[in-house]
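These notes concern the structure reproduced below.
Naming follows writing order (A, B, C and D), and every chain is counted from residue 1.
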């Protein structure tokens, strides 16, 4: 994929259309829709990691503990967005995802946000460490940028 | 529950608030929201029948085969709606549900619709007859009005 | 655009991704999402007709009077859909739109439906005839297939 | 209204049903729905302030600049929630709202969050001070708790 301005650091990028019905009575895309965009990036990232399959096999998977969004410019229909997702702050049993939504019509960042992901062992009913295979996959996907 | 004009024939009636975000850029409640209201009445009706529990135990449960809605007056925030659900046309392996959405602010029917429900045996992968216990529960709920 | 099987008769076709969050607790795309797809086709069709601009200039525009959907196969994430829209039954003050949603993963029609569109003069507060320019645009878009 | 545990400090409290369709494929209420709850509390608070009417008259109104949510326990259907909204950190041209969602079934806080609201003069196209009448209404609603 060509480099998209504002998303150079994002290994997972989705291309998503704005629906007319995404707009609310202020004729702007409603704030809840941005969290749907973040979710799409999160799920795509998990699939790229193999985390979705890992969860089916082991019962160990992600929980969204918190999330937030800062709105920069309003989105309107018609438009398309690039949705970027990346991982930062990989810790023992959790990591942070950063999200960025770019308006293709305006060529500008429309919103950015983050989510805190905790790894949970659903069978044991307790937090669990980030599995090694997932940790390595994150490293590959993020390109070991610190090195 | 007191009798609600326009819903005298509906054994299941829900009271639901309109959210500001239900409105779209025309500042009317969006058409997709009416089908969410219908779904709420459908699920509540299934629970009243014991169909939700029956499905968990047996793998035999309902599929929404088709649905439709006729819009009569636009809904806007703020308002609350009564949502009615009833069953008609109980056949061998299917039945029809009628839905009605009443604006509490206007005291008028805002929309009415229907859904065709087919009974499916998820384990056998085939249509199945409406179970006798469910058939009887429908009879009780609808009060054998024809008699 | 290349011909898409099942959508040969549809002059307006959209390509839309399924979001993970479109699925409900049955792990199938929720019924309300199909009506969002239909809406996307409807709005795109109106734009192709120039009806959206016409409404802004004159106050004469479309109302969705009723809609329906028949569900054929369940949709799941990940997938993409083609959404087709066409007009039939062009009458004095109304027309019918047909919609079809095709799963790209399965190469099959997932759902089909229709909507009844009534033309309304919002300034006069009354139904209005389909404007001549819109009538001609529908004819061009549908390709005068009857001739 | 009686005092609701966990919402003693919240002057605006809504009672809202969980819809079956609020749940996603994990059979938990989807994260985007919490932001709809927050929005409902925000809009109800604005109405209590007279800010909605003020905006219609003057073109000066609120913008949601950022929002966030921390998820504590998962919500499932059937349940109802109390949604609380309050204002803190009233500044020159902005204020912060705190939100809290309480599960009625569990009697526990399901989520809490906040939103940063900026006052904007839509006609002038620039930030504006919080109007005096709104500032006073916030003081009355929050009960001058600091005094």
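As a working rule, contacts are C-beta pairs under 8 Å (C-beta built on N, C-alpha and C of every residue); 3 or more make two chains touch, one makes a residue touch a chain.
Everything numeric here is computed off the predicted structure, so don't read it as measured data.
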When chain A meets its copy chain B, do both sides use mostly the same residue numbers (more than half shared) or mostly different ones? same
Quick check: more C-beta contact pairs at C-D or at B-D? B-D
For the pair chain B and chain D, the C-alpha centroid-to-centroid distance in angstrom is 31
Distance from the CA centroid of chain C to that of chain D, rounded to the nearest Å? 36
Could you list the positions in chain B whose residues touch two or more of the other chains? 20-21, 30, 32, 36, 39, 77
Within the complex, which stretch of chain A touches chain B? 20-21, 23-25, 27, 30, 32, 77
In their complex, what parts of chain D are in touch with chain B? 14, 16-17, 19-21, 36, 39-40, 43, 47, 77-78
What residues of chain D sit close enough to touch chain A in their complex? 30-33, 35-36, 39, 63-71
